[in-house]
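In what follows, chain A forms one complex with chain B and a second complex with chain C.
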Partner chain A sequence: MKKNSSVPLRTSPVFVALAVAIVVVVAALVSPLALSAQAKTNEPRALALIQDVENKLNVEGLDLTSVFTLIQKKQGETDRVLKLRVFRRDAASRFTILFQFPDSEKGKGYFRNGDDLYLYLPSTREFVYRNRKDDVGSTDVRTDLFGRLNLSSQYFMKLAGTEKVSKFDTQVVQLDAKTPDVSFPIQKWYLRSSDNLPVKVENFSASGTLLRTFFYIDYRQLAPGKYINTKLMAVNNLENNQRTLLSSDDISTAKIADYTFSQAFLEEQSR
Partner chain B sequence: MPFYINLAFKNIFRQKRRSFTLGANFLFISLILTLLFSFSAGVKKNISENIITSAAGHLSIAGDTVVKGKTLPGITDSPSINQAVLSKWPDARIITRYYISSAVYYQGLSKRVSFTGIDSQSDLSYRDQLDIYDGSWQDFVDQENSILMPRDVAEYFEVKSGDEILVSTRSRYGAFNTANFQVKGVYDSANYFVQGITIAHFGFLQKLDLAEAGSASNVFVYFKDGKDFDAKRETLMPLLTAKDFKVTKPDSSGGGISVIAAASPQYKLVSADVNEKRLTIATVDEVLAILSQILATVNLLGVFIAAILLFIIAISIFINMRMSINDRIQEIGTLRAMGTEKSHVIKLFVMENVFLSLVFTLIGIAVAMVVIAIFSWAIVLPPKGVVSLVLNQGHLVFDPSLGSLLFIVAVVCGFTAFFSWFPARKGGSIGPAEALSRTF
Partner chain C sequence: MNLTKKVLKGGKAFPLGPASGALRRRSVPTPIAWALSLALLIGLTPSILSAQEAALPTETVPTEDEDIFAEGAFEAAVEAGSSAAEANKLEWFGGLSLVSSTQMQILPGIDTTDETVAASLGATTSLFGKAFLKASAGDLGSFFVAYSYRQLLLAGGTSPELRSWYDLQQPNLSQAQFSLSELHYSFDLDKKVFIRLGSQLLSWGASRIWSPADFVNQQAADAQALVDVRAGKPGLRIHLPFSGANIFAFADFSQTVSAATATSPAASNNIFETVNYALRVDATLGGFNIGLQGYAGYLAPLMLGATISGNIAGFDVWGEFGSRLNVNDYDWRWAMSLGTERAFGDNKEWALRAEYFYQSDGKTDVAISELALDEPPRPLYWGAHYLWLELATTKLFVSELGASLAGTLNISDLSFQIRGNLSLSLPKLIPFNLTLKYNGGVEDREFTSLGYGPYTVHTRPYLVAEITALLNI
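And then the complex of A and B:
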């Protein structure tokens, strides 16, 4: 576009004042957005810590078979015990869970393939498509606990200081969900300073209410740099004295037949 | 008027004991049928009115949204639905509701509670159906996070107006969200469809569910003329299709209820490239289809019982007529000797029974009306639970219609005429000589 340069530009003081005012107002409006945008990015150090956790707890090079015992404790109720056999192949983002105890739950099972989770109900011989965030047998333990961790793609991370959990010094990392397609939009991971393994995880609602706390009590090393959590306690922070204890036994890293990771396997096992 | 009609009317109570014995049967059967038909019509009317004023519209719209193959419950872009409706029916009334079912926590207690979100400024259909005994409607309207709680839930948590409860819900996307609600009223309601729900503000539930503006669970449309809902749906469907909705009708006759039911839906898997705004539109008749089927079954059972009674009455009529003809053989002979035709004798006996059945059927209907009046005005029952489906302000509901009463009269009289015909024909066939010779 051609400019008319023959007319000298004179800047009125009113115009300057107006321009300054506009700049100030725009800056005031933009700065929270900028801050908010800043909050919605990863802090590199926090991201590195979480990626390290994923590397340690995701056993991609191995198949994993184990038996989990869940004991749910509720105030005023007798303890509820569930026993699950878990087949896990993190490399393919798959797992199969078979209910082994109590008899009323026997034959039930989950099969997860990527984001798709199916619950098999032997009574009706049907597979029900479930959200991957399903609670196992109405306990405080979610099915995604048995599969591959995928935190770095689902959350933004930032450091949230250091704290002592039990006898451990921990680095706290806060996770904020990128989308609301996760169970807990806010999480705090307490990572042991000595080996960067989580000892406590707090799950919050979108509005910031603490809903559940997981205590990772013990680990077992499966291979160099690869760990499995063998004892865990999930506390429901909304229900008085409701918690689920989870322990893992009969751990094996032997190769699992491909057929195990299929719906047909669950059907077969329920017969 | 033929002479035999007059004579038949005079003869009704000639043999009093026999007439009253047979008449009692007619009375009983008409009483039962009147009560049954009136009650079933009353229940249907009561439930229809209750459901229309609380949980459904003349057209009820529900839906879900598929985003990249993931199905999210609820309607998105409800303003477009409003626009489509109002463009065709400017005087239609539209209300939107938001439902969630969430865990409520209060002082160590927890329970799953159903919440219904309403726009307290425009959606006043609940207001007149609530008996708020602690707190008030205005207190509820004034505060964004306030709720009105049904008595049962309030008693479970031992909360009263002013108390604050914590609600934790899994939002439509799967993420947990929590909020504090203030109880601003505890209520009773005679409407079964209101009794179990906790009433909240539409916008607050929408936010709790992490849903976008324009999201809703149901859209209810009410038309001023209150008729031709099927035709109106047919008109509305292309208007909504033009606004990028994929619109369907309920799957089957029983599928209408699922449009307004709060039960967790089961979704079919769709491929990741699918993006759809899906709607299902049900007419109020479809919503009530299951109810109509149940009531039709109840009516059928009543008709079956009535048929058994009528069969017993048929035997009574037959025996009565045979005895009556034997007793009145002299009269038959005299009539025949006087030149009365065979057909007139038959009609005389048939009409006697028809008049008898008519009189006692009308008495039966009158007695039924007295019973209905007593139950409708004098007896008050507590409107709690399922019983409230058959109660209006604590009274049992009856809706006797002229059509059903005429039907009962016609059936009983017609049946009587039919079963009187055969013995009457036998009586009429007796010649005058034979009749008189049998007597003398």
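And then the complex of A and C:
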């Protein structure tokens, strides 16, 4: 039997360093520039409006369980339907999302603890640690829609006039990201003048391109001064006629077992 | 009984496998020590988890003193009983992943003064995938079984070398291959300690391509595979979850029985000497998920590893480190991988990824055709240095078309693979992929050889074209 024949090592530190340098340079080229041109202060009135929105939509003191149905509509394609069970504990900035339909997605899930987001992939039994900017099941909806709002610490905000959205008079607040680690660098929130609840949110890229528009169609009051959005439409402004409809059902404020907010729960509920 | 040989045949995914040479006993953690450690952890857990629970309002539980005649009291008691019965109702959940794959190997011809070889073409078609079934009954736990399967439908080539390559894989068109992937029973102790007994896959790594800290699984995960068809490892896993951390302990039973060979029947071994143990502790701190893990046993090598993943200035980063310590005649080895990903584009539809891998015992430059029969090269865990780069998009011009271009370089022997992939999701059609791979670089090296040692059938650059369709039901 023949033995291995070794020839001189072709690898050199220069070769490795060159390869690493290529990666760094290319990555730097595609990295968006710092958000330097944007506002660096809050307008007090705008900040107060957004903090009021947070107070109304964040339901600290209550656990919240609901089933979201997402219907994604694309031109020329059959509607795609997803069902998610969402467990939410805003007091601890936690949520767990379980995919329930279709069966091919069943068992997938997310667990968020503060800014830490974990995606569970049952096919490989893998927990992938992510930041908070993940789309849910390739729809137009991001995971941070299901959890506690934290806009006032992530963005600078200023008033941007008034607009009429459908039959509602609204006050517009523009949000500019403090750091790149947010879902969208620029947002415009259209707040209903009557109760300061959002009816429309526009999300922009750093260059100002309109990416997505959310229409908050209906709310349900959970407790005095506390609301949950029950009907929503997300429009992908980069794709012709692509939108996702969300409706929330089976809403409960019963206490959720603590272990629901752990990786073990996702694994237990999965395949 | 040659126990050394049996342990060495474990075939772990971890590249730092046991070295040859006599083993001797050493003072590693015994089963009793591990059991004590686990008992201590289990004892601590309820107090930690209950702290969060105590902060929230508790449900009103009726007592015997309460008036059953009170409005709604009777109905509430019946409702509670009905709910308990419903909670343990048996539920079934099954699924199937099916991949249809047709692969063509294209070997370019040679026409030199020394040698003339005609170009040749070969093809294989197969169906493969995995089917699973889960039966769960609330507090009673759940049973899960998954089998992988493969049925070859076509294999043939225009040249003797390609045909002998297919023959080496023992083609059989009339018999499907089925193999157990996972079979386990899972239950919990008051939703605080989660136990899984059986053949199971673990995912304790953070890297995308190379996982030097994966000490437990029998095979390394294939990042390019459409379906994970690996076989799990028999053992007992205990999981203590916390909101931002986890503790896992695993007793590995895989060495307690030596598999039958051509010359000897299957044999059971000394349980205290052949049950091995693994432990992982992970936590998310300051935006980074950090894991520390180890593997040890009476006769097994002592291995330690670490994993990390997180985000720095918009770049996802990950890394793994694994080391086998130089105790009991095992020499010291180590390996590490480091990777990054940057998403870009208005909708983050583009991604640039890179990963580097080093292992201290990797081969620097070895002719594959000169290897011994008992030294098969492990794909992607053969050389000392590797680099992988990928540019991928989920939308190439239209949302129905995704694409990627990736390159894997064995820096140590300067062979490489370039892989272009198009994935199409057209309305009313099963999603499918078109892949073209070019294996090039120095001849008779990792990416330019088909087969190894005396079974080497080809040692020059070649092309592979593949069409695959994946169906998840």
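The working rule: the second predicted complex is superposed on the first by the 231 of 271 C-alpha atoms of A that agree within 3 Å, B and C clash if a C-alpha of one lies under 4 Å from a C-alpha of the other, contacts with A are read in each partner's own complex, and residues count from 1 in each chain.
Following the convention adopted for this analysis, a residue touches a chain if its C-beta (ideal position, glycine included) is under 8 Å from a C-beta of that chain, and two chains touch if they have at least 3 such contacts.
In this text, all values refer to a predicted model and were calculated from it rather than measured experimentally.
Contact with both chain B and chain C is seen for A:211 once the two complexes are overlaid on the shared chain.
Once the two complexes are overlaid on the shared chain, A:185 sits against chain B while remaining clear of chain C. In the superposed model, A:250 lies in contact with neither chain B nor chain C. Within the superposed three-chain model, A:177 lies in touch with chain B and out of touch with chain C [touch as defined at top].
In the superposed model, A:113 makes contact with chain C only, not with chain B.
Partner contacting the larger number of chain A residues, of chain B and chain C: C. In the superposition on chain A, contact is made by A:239 with both chain B and chain C. With the contact threshold set out at the top, residues 116, 129, 131, 133, 180-181, 205, 207, 209, 211, 238-239 of chain A are in contact with chain B in one structure and with chain C in the other. Chain contact summary for the complex, chain A toward chain C: residues 1-11, 15-16, 19-20, 23, 26-27, 30-32, 63, 74, 76-78, 91-92, 94, 103-104, 106, 113-116, 123-127, 129-131, 133, 138, 180-181, 205, 207, 209, 211, 236, 238-239, 242, 254-255, 257-259, 261-265, 267-268, 271. For chain B in complex with chain A, the residues that touch the partner chain are 70, 103, 105, 108, 110, 166, 168, 170-171, 173-179, 210, 266-267, 269. Those residues of chain C whose C-beta lies close enough to touch chain A in the complex are 49-50, 52-53, 55-59, 93, 95, 97, 132, 134, 142, 144, 186, 188, 191-192, 194, 200-203, 206, 221, 227-228, 239, 241-244, 246, 284, 287, 289, 309-311, 313-316, 340, 342, 344, 346-348, 350, 352, 354, 356, 363-367, 370-373, 375, 384-385, 387, 389, 394, 399, 409, 411-414, 427-428, 453, 472-473. Across the complex, chain B is touched by residues 75, 116, 128-129, 131, 133, 177, 179-185, 203, 205-207, 209, 211, 238-240 of chain A.
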